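What follows is a group of structures, each given as structure tokens.
Each of the next two complexes has subunit A plus one more chain, namely subunit B in the first and subunit C in the second.
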Partner chain A sequence: MTALDPPRVTNPAQATFRFGRRGIAEWRAARPPRALWPFLASPGVLWLCAFFVVPFYAVLAMAGGTLDEFATPIPEWNPVAWNGEQILDAFRSVLPGGTNWNPMRRTVVYVVIALALCFVIAYPVAYYVARKAGRNKGLLLLLLLAPFWINYLMRMLAWINLLQTDGYVNDVLDPLPFVDPSEWLSGRSSTLILGLVYGYIPFLLLPLYAALDRIDGRLIEASRDLGIGPFRTFCQVTLPASRQGLLAAGAITALPMFGDYYTQDLLSRSPRTQMLGNQIEDALQQGASKQLGAGLVIVLSTFLTVLMAYYLWSTNRAAQEVR
Partner chain B sequence: MARHPRERRSALWTPRPYGGLDRREFLRRTAMTALAVPTAGGLLAACGGDDDPKPAGSAIELARPDNPVRLPTKGSAIADDLPIESGPLKIYNWQDYANPEMLEKFEAEFDVKIEWTSFSGMDEAIQKLGTGAVDFDVFFPTIDRLATLVAQEHLQPLNLNYIPNLKNVWPELQDPFYDKGSQYSIPYVLWSDGIGWRADLVDKTPDDYDNGWDMLWDPAFEGKVWVIDDDRDTLALPIVRMGRVEDVNTDDRALLEQSLEALREIRGVQISAEAYQKVPEGSSPIHHAWSGDMLSAPGYLPDGVDATTLRFWDQPDGRGVIGSDAVSIMAGSKRPVLAHAFLNFILDTDNALLNMAWNGYQAPLNAIDADRLIADEFFPKNLSAAVVQQSDFDAGNQLMQLAPTVEKLWDDIFREFKAG
Partner chain C sequence: MNTPAVATRAERRSLSDWFADPFRRPRFLATVTWVYLAWSLLPLLVSIRISFNEGRSRSSFQGWSLDWWTGPGDSALHNPDLANAMKNSLTLGLFTTLIATPIGVALAIGLARWRGYGRRPANLLMLVPLVTPELVMGSALLLVFTTMFTSIGLGRDAQLIGHVTFTISYVVVITRGRLFTIGRDVEEAAQDLGATPMQAIRTVLLPLLGPAIFASLMITFATSIDDFVISSWLSQDIKTETVPMRIYQSARKAPTPSINAMATMMMLITFVAIALAMWIPRWLHRGGNSGSDSAVQDFAALDL
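Showing the complex of A and B:
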């Protein structure tokens, strides 16, 4: 019999009936599912290998590769022969004084501000839907997510119509005193940040909702019963209890924001708002600097890996505290 | 196939393609006019670059008007008198760069289907061709990349016996300096670089300045100025403004850096390759633009905006950037005879006019006289500056092939500009 053959008794209840608790323990000891789990995980592993590990290796090969006589990039598949200096150049370019320092700095600033705004907007909404909406919870969630069934690109294109000089936003603002109609699409950082917030807020809303929904209501009741006011209860009970949800939601939202290039492409197109994602797209799509583009992909991935490592360390520590 | 908005032109501007004449009469008259116009004897001859035409170690000989190049023969042209294959004909072209009506006419005439794939930039296109995983018959290269494409064996030599309409082309472009003997390409359309704007949104014109290009640098237009998303055209812009059009193919890093600094002085500058759409919509009130983009712009005007609001300016003395694009057949084409038939088809004057009426770009054909196009309002009078004259090639300069290392230099400096 091979390790993959189905066990004779698959239903633990049946096992209890036939063999008693001792029988189950013996069966488990005799047949640990060592082969079963790798087998079940294999599609995911294969997927990751085919669509992450191999492409990422190709990016590395491109970043460390050479140019032929026509300035066409030639990937170098042998890691020993990689041009490390070329990859280091990509890292140097995002440091102060480097050619990509401004896009890198902007990307971090935009993402931090957009993320903060996402939290400020999404937290009360998620809180209300998760804890106060009662029977309407499902409906509210559906309504909140309905606009996001439309493709990201389409929604950004709609913003162009809304924000253009003779668009609806200025039509609304125009009659207001002390407000001048604005050139929203003239390369403003604020427009770009608002675009990021609008585009990515559902990524934050859903995990946050899930985290808030899971908070044990008795903890909040206990706090109130002990005479603590609603604000302090929120600060000392609800917020700490949703900390892991906040971290997870922040990570899920920030990762794609860091690599975003479409928002700038559609809402600005100004060198003043160029993000690192745009530099990567330009380098890979146009001209003879594919190696720099590949190098910048590695730079961004490294930066995000550091952030992810912090997230994993933090969740791991929280899990240990619970234990 | 997607429909170009030009097909739903603003009702406020109805083109009169043939000046009230029927198409045949128009062609007859313009052909007569063309005979009266002396051919531009010095066409392109005045154009010159300051870089070494044969850089050491380069696989590509740099074609210049004073150094015409016969491209190396890679493979052989198809034999004469072969039967035309059945379709589909697979075309790889710039987005919105050919009239769907013209393509349908070809389909009907040859009883084949056309499969159309578009690209948004020459680098993207060449990158895709380089994968080898494509199966196109006809390709639309720019002349500054033609030698590279031949050297990389992406193109096949043409058998000109299948393209008798080549005789319709301006004599100088029947045997162009970048491809002597038209071995690999036929000319497609012409363009010049200039400034496009909407007169109802901008209260000045380039003629209000001593140097018309200064309009782009006017602080009054902060946040309203856009430049073309193309390293060659845009880095050449300050060079032309300096009056050094002969240097638009330079390999001088210092000059390119000077150009970069000048571009950075344009307040609130933005970048796009869609002047044909953004100017009429009003989202880019002033745009450094290709002439053909502005000629196709009326089709994108919002309802209620008059087509006379669109304007185009280019260097009045002709000392600006001009150019022509090309059409070639892919080395791996499975339908080479049909592809030759297509090349011959687009050089037919009637078909070229049909194409022009939609995409705005002029074909360099003898029978299509620029003055006539303006007089008969084939294009709106307010955009007459966007019509390329044959004589423009005497004074202007083309963006020509660069050595690979120089090409990378232009690309790197342009990316620096985009980084802000």
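Showing the complex of A and C:
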């Protein structure tokens, strides 16, 4: 032992372990901190395993489970003993002719129409705010963001207030010819689609705004400088440049719409407008048939996996391009 | 930047241009935008106005009063169901924030620095909850708490666990954006000066992450008190009802504007949380580049 401490060893290959407190401190400092990062991630990873992965296993177990002698559904925890036929029945029920074909068809039709309307409204708005708003940009962004942070249920409540039979919508429509004031809230698909558009359009607007904001303005100017008209510039420059963002925004908006059931419950509550989400809610929450409900959850997840995978893939790619 | 006088003249001119050709771009786009904003915000203003009604109508304006906010009897503060729902929402939001933020920040640091096996699956595990429809997550949690984790069962604990599960990913996304801009340099500098990796995180990285952590706290809180689906699937009875659930239950039934008053109250609380998340970091780091803007934008761009 010399009086002077040896320089700290940073290369683990050269480290010779010394006993005692100082030795441990030296070893810790020299050791590449490889184990530290998984250690830091572990609480989150374990939490998500326990409360995100395991619940999906429980869905499978319930969907493939059995009934006991009191006709209470019992989950089957052993995957080998799962009743595959029962899970397939849930898939068959959403095909044409099946019991859930109508809700499934309605879900797809409503979501496609609502999403198309969302695009038609949101694209010009996002384009204007991102590229043309000028001095008003900050204020407009704030106003665009506001509904994003207002509770979805409160926003539906606002429409329930307006669409009552003695509400302001009928007051406004009353003097118009050819429009008879009516019951908006009892089983109209148009009201439900309005609700979906109103509810989910902020989810589309924001990523769309981000995508349009990112486009390099010089590209558009270059196209105009080369004598291309505004319409062709839009079709051949702006639209392709925002395509990736457009599709990702559509995916992230469609996903919660497919799992929606409360908009229907609030704005219609009629069997004629039931969506797949309502069937799942009926089956699981009201306890009508837990196994079918769990099976439908699997159907919905399978159906949405494509959208989820697409969204994750495209955001991942966008993130890598930025870096 | 225009001087005000020039701006006014320009505005006047643009107005006459508009009369000459109303559909000349971007007038058309501007009109669409303002019509959209009116459509998106007016119903809410009507709903808020109704909460100040004197009468019981929930479809028209009837005088002004604060009866449905603070009055005795049926008001947001004194109706036991409404008061209970608000208490539940706020408690749930508070505890969710306190649990999800540290777990999420640690997960973000771990995922950003972790090299080698296990990183990719862990990253995927963090991202999938962001794109899973709440109905799917809610029903899966309901089944697991009623069949496997029966000792927890349904109720407040289950709601808390559910909220933490879906907010962890938000915290990770917000923190991660900031981590990428910080880079590894400062941490390596700290280690070269003799800090252990853990010390480097504690004394260098965490203070730099401050704005992102603050934004996570507030946004987690706001997301949690806004959640309807998870709370509803994991609720046990009326005692564990939250504000969005109360709105859902009574939107078509309750005959009084007290429900509007409660909804408005929660909206104000959310706005305060979001405003704090945006402005406090900026105020703390006056002059410096706080990065909280980018954190909020990262979050907004990924999910909502």
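One rule holds for everything that comes next: the second predicted complex is superposed on the first by the 253 of 323 C-alpha atoms of A that agree within 3 Å, B and C clash if a C-alpha of one lies under 4 Å from a C-alpha of the other, contacts with A are read in each partner's own complex, and residues count from 1 in each chain.
Heads up, the rule we're going with is that a residue touches a chain if its C-beta (ideal position, glycine included) is under 8 Å from a C-beta of that chain, and two chains touch if they have at least 3 such contacts.
Not measured: the values here are computed from a predicted model.
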Quiz item: Once the shared chain is lined up, is A:67 touching subunit B (first), subunit C (second), both, or neither of them?
Solution: first
Practice problem: Have a look at where A:166 lands relative to subunit B and subunit C in the superposition and call it first, second, both or neither. | Solution: both
Quiz item: With the two structures laid over each other on chain A, which partner does A:39 touch: subunit B (first), subunit C (second), both, or neither?
Solution: second
Exercise. Decide which partner touches more residues of subunit A, taking subunit B and subunit C as the two options.
Key: C
Practice problem: Could you look at A:185 and tell me whether it touches subunit B, subunit C, both or neither (first, second, both, neither)? | Solution: both
Practice problem: Could you tell me if A:285 is touching subunit B, subunit C, both of them or neither one (first, second, both, neither)? | Solution: both
Quiz item: Taking the superposition as given, does A:125 touch the first partner, subunit B, the second, subunit C, both, or neither?
Solution: second
Exercise. Quick one: classify A:174 as touching subunit B (first), subunit C (second), both or neither.
Key: neither
Quiz item: So, A:221: does it touch subunit B (first), subunit C (second), both, or neither?
Solution: neither
Quiz item: Intersection of subunit A residues contacting subunit B with those contacting subunit C?
Solution: 160, 164, 166, 185, 269, 285
Practice problem: Would you mind writing out the residues of subunit C in touch with subunit A in their complex? | Solution: 2, 7, 25-26, 28-30, 32-33, 36-37, 39-41, 43-44, 46-47, 50, 58-60, 103-104, 106-107, 109-111, 113-116, 118, 122, 124-129, 131-137, 139-144, 147-148, 161-162, 164-165, 168, 172, 180, 191, 194, 196-198, 201, 222, 226, 228-229, 233, 243-244, 247-248, 251-252, 259-260, 263-264, 266-267, 270-271, 274, 297, 300-304
Quiz item: Of all residues in subunit A, which touch subunit B in the complex?
Solution: 67, 69-72, 99-100, 102-103, 106, 160, 164-166, 183, 185-187, 268-274, 278-279, 282-283, 285-289
Quiz prompt | subunit A - residues contacting subunit C, complex | solution = 8, 25, 28-29, 33-34, 36-45, 47-49, 51-56, 58-59, 61-62, 75, 121, 124-125, 127-129, 132-133, 135, 140, 143-162, 164, 166-168, 185, 198, 201-203, 206-207, 210, 230, 252, 255-256, 258-262, 265-266, 269, 277, 280-281, 284-285, 290, 293-294, 297, 300-301, 304, 307-308, 311-312, 315, 323
Quiz item: If you look only at subunit B, which of its residues touch subunit A in the complex?
Solution: 57-60, 121, 123-124, 127, 130, 148, 151-152, 223-224, 226, 229, 231, 264, 268-272, 281-283, 404-405, 407-408, 410-412, 414-420
